[in-house]
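Chain nomenclature is as follows: A, B, C and D, assigned in order of appearance, with residue numbering initiated at 1 for each chain independently.
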């Protein structure tokens, strides 16, 4: 299927709210994108049209799609997300999307484990929705640092862990995963989060011979595979661009020994 | 007297409103500056602290001082003023001021003619206030392009001209001046506006041997006389910095044959 | 209602006829297909393909890009599929698009450049060549061909002999005297010059106390470099007679106009494609609007009208 | 409560002891008095005064400055009061301030530089000299001293003979090989290097179809040039042994850290003084905070810790 990528120069912000101490949820009216977006794909946002700074677009996973609305979940990291956090409903954003290759769902699998670390929760909303649409049951394993940083996932069937024990099980999300795998029959794992977490999740899955897909991050310029700026090394030792060959990869395709590129 | 220049990093915006099709009025809480500001002096505003663009400060004449409040009147010209126009009450600006040499008031003069073209109205508010404080009577001659661009001057004793005749007398403000001068006994002229207007006003005053002060514009970096970036040529053929030797000059000090530097 | 005048946007660069003066810069528009849906090769007067080398190159280790104030650094490292794949896999699709294709080439030795030029000379669908001379000359101990007038001249002469169509040389700004290089290249047979390539730059991650880029240093592009690009264009415009293609930080039609007024017969857009894939369309309509307002019927008449 | 550790901010540049590593760049802090109330000469580790020449210079015709994306162009043209007025009118007030004064000088000929250096050698309140070698060498037909290793070396040697205190040479980035210039200057007796001066740049007013600057071209400074400055610093750091003072686009302590980590013993701030006169204070407290977080007690230990 030919991907249909669009630039929408004036996507109106419908709502924008704080959903944890560090995360915000922003919903955009994007009828043309809502129809085709798949879980794991992302939007490339130009945060300050008309100003040369910040210059490049910023990539954000599609968090969810409801009717004509596409939402993202994000954390303020630097200049771009800080500016974004000040935008008000009614203002517009210049959006390119949907971009990248999303998660592949194998309907034959019995358990569908969505493993999210921190802002890695972002793509899980639409993934859960898609699984449910296929009559499959998503199970979210979601790790955060503390209850303050916990974002209400809005997904039924969710286990939580926190590094400081302030909510859910104390520890890392990998320990939730290990617990859960012990009683799984034929699971598939979908993971998103920081590189060290993904590396650990991939390691667990490889050892247990479980199919695992990971959503990676990288600095991006074009977002469409033209500039070769966003590459990571794959297990063959070749560089692959995250924006168009990913951001979701089969975890076996990735060279987990490389330095994290972010 | 030693000028006392301050940097106020967080001057709160008290109100901000549109006062004509192109002009806005913004009022800042600036107790430390309000006390010493003189008519014709200016503020140097950093419009987007934390972002490298726009980089340099932007100079704006002090429009008026009321209690702790200092206001400016401005027009959206480019990136900086566009950003400024989006700022809301409660947000803060990084301000340096009061800067420059303002208008000199000679209390011996009988008539005090304030000649403003377009945004040249800006410094006239405080100048009128100061004149009244000295029991002198300011008379404002104010030219604009059309009634849409007319800013209510809030100064009693005001004559208006417009280029298209949509308000006041049709024509340029210089024709108001010529009319008025015909019946003046011992006038002083204070002018602010675009270079061609100032040049015309200066020409009229020189011919009639009337003391005339003009407030000039120039691109500025430091605003304090350190960089020598804002110079204009004076009548001796030397370069003088507008930010600290001006912005108000005796019109005889200026070489009116140079190209306008803006 | 005022009748909207049509503006003649065509330009000619040393005989190469372009339907409009906005060209996609090498390395920023891939091989033309990547932006499908966002921008089409046919929108541009010409497409300059990513620098191709004889053999495929993996490119530098990541991170390869990083944002700086009003600019970006890249250390892609001429990652490319190599000439064979370029010709077999990439070219056929691009040829079908309604645009002029300019191939950008690089090599480590003069021989490599000449070999590529000779092969391209035979590809009738590619009417022009852009020489990327910012590469280190391995035989000369790694000094870039583009920083030394003699090397630049020798390279241009050798390629000129092998290449009969329009030969464009792309100049690097990282030199003491770009006008000297330009003259050397002109007198060695170049038909036109593109300027500028990226400025050398670097950024440091103060948390990791390491360079941000995997390759330590990279090339700076984007609005930050526009003043430098204009300066170089101005200098070269007064030093050579062959046509100039200006680039470096062009984001909108106002930027494009600065270059054309200063002396560019056409412009390239690079980083702008990443930021706003419809930049090419926006720039073209902005250029036409400016021409209308200024009573200019042919855009080529803008070139070099700067009053000093 | 954690005890707040005091950080030793002192640095030493070839024997010149500074109380802190933040220096005011030449031409951006006037003669120290202009910012009264906003920033004090005593806030800085040292003040480098505006380039002074033997005779007063009126400078270039206006407009002299213009903003560009994340940068500014200036064509002040070394406007200055001349050495006599500098010495009699400007210096006395500055000497009373609690800071180190470094005089920056320029000339059209080696003789002019030497004359100035000899006069400064006798002024005990000025312990160091910064040579602005970006000026055109009139005897060499206008080629800047700073763009040719041989001229730069000859100039440095001549000044070195006349000047016995700390001799700093300020390098221009507008060259093919800054490391070559740096080595030439080092082996000619320079004690330290400052880098970088501004990049050549230009801007065009598309309405007037004229250059924005009265002088047509100017020098680019500010955040836009930071990556270029860091690159040059990195190159020179690996080429010479004498201490380096880094500058170019430093706006805050994070920028300053990038330079120190890359190899600068101290930094200068130029354009930042215009934008935020309290930049010096903000940078110093930011540097101290970084040192505390990273368990560094002496700021000088930051210099050159870059891991590659």
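In this text, a contact is a pair of C-beta atoms (placed from the backbone, for glycine too) under 8 Å apart; a residue touches a chain by one contact, two chains touch by 3 or more.
Since the model is a prediction, treat every value here as computed from it, not as a measurement.
In terms of the stated touch criterion, the partners common to chain A and chain D are B, C, listed by label. Taking the CA centroid of chain B as reference, the farthest chain centroid is that of A.
With centres taken as mean Cα positions, chain C sits 46 Å from chain B.
Centre to centre, using the average C-alpha position, chain A and chain C are separated by 35 Å.
Computed centre separation for the pair chain A/chain B is 53 angstrom, with centres defined by C-alpha atoms. Touching two or more other chains at once are residues 69-71, 222-223 of chain C. Chain contacts: chain B has residues 52-53 touching two or more partner chains.
If you draw each protein chain as a dot and join the dots that touch, every dot ends up joined to every other dot. Of all residues in chain A, only 52-53 touch chain D in the complex they form. Those residues of chain B whose C-beta lies close enough to touch chain A in the complex are 50-53, 79, 82-83. On chain C, the positions that touch chain B within their shared complex are 69-70.
For chain C in complex with chain D, the residues that touch the partner chain are 68-71, 73, 147-148, 174-177, 199-204, 206, 208-211, 216-217, 220, 222-228, 230-231, 234, 249, 254, 257-258, 261-262, 290, 305-308. Those residues of chain B lying in contact with chain D across their complex are 2-7, 9, 46, 52-57, 94, 96, 218-233, 238-239, 244, 258, 261-262.
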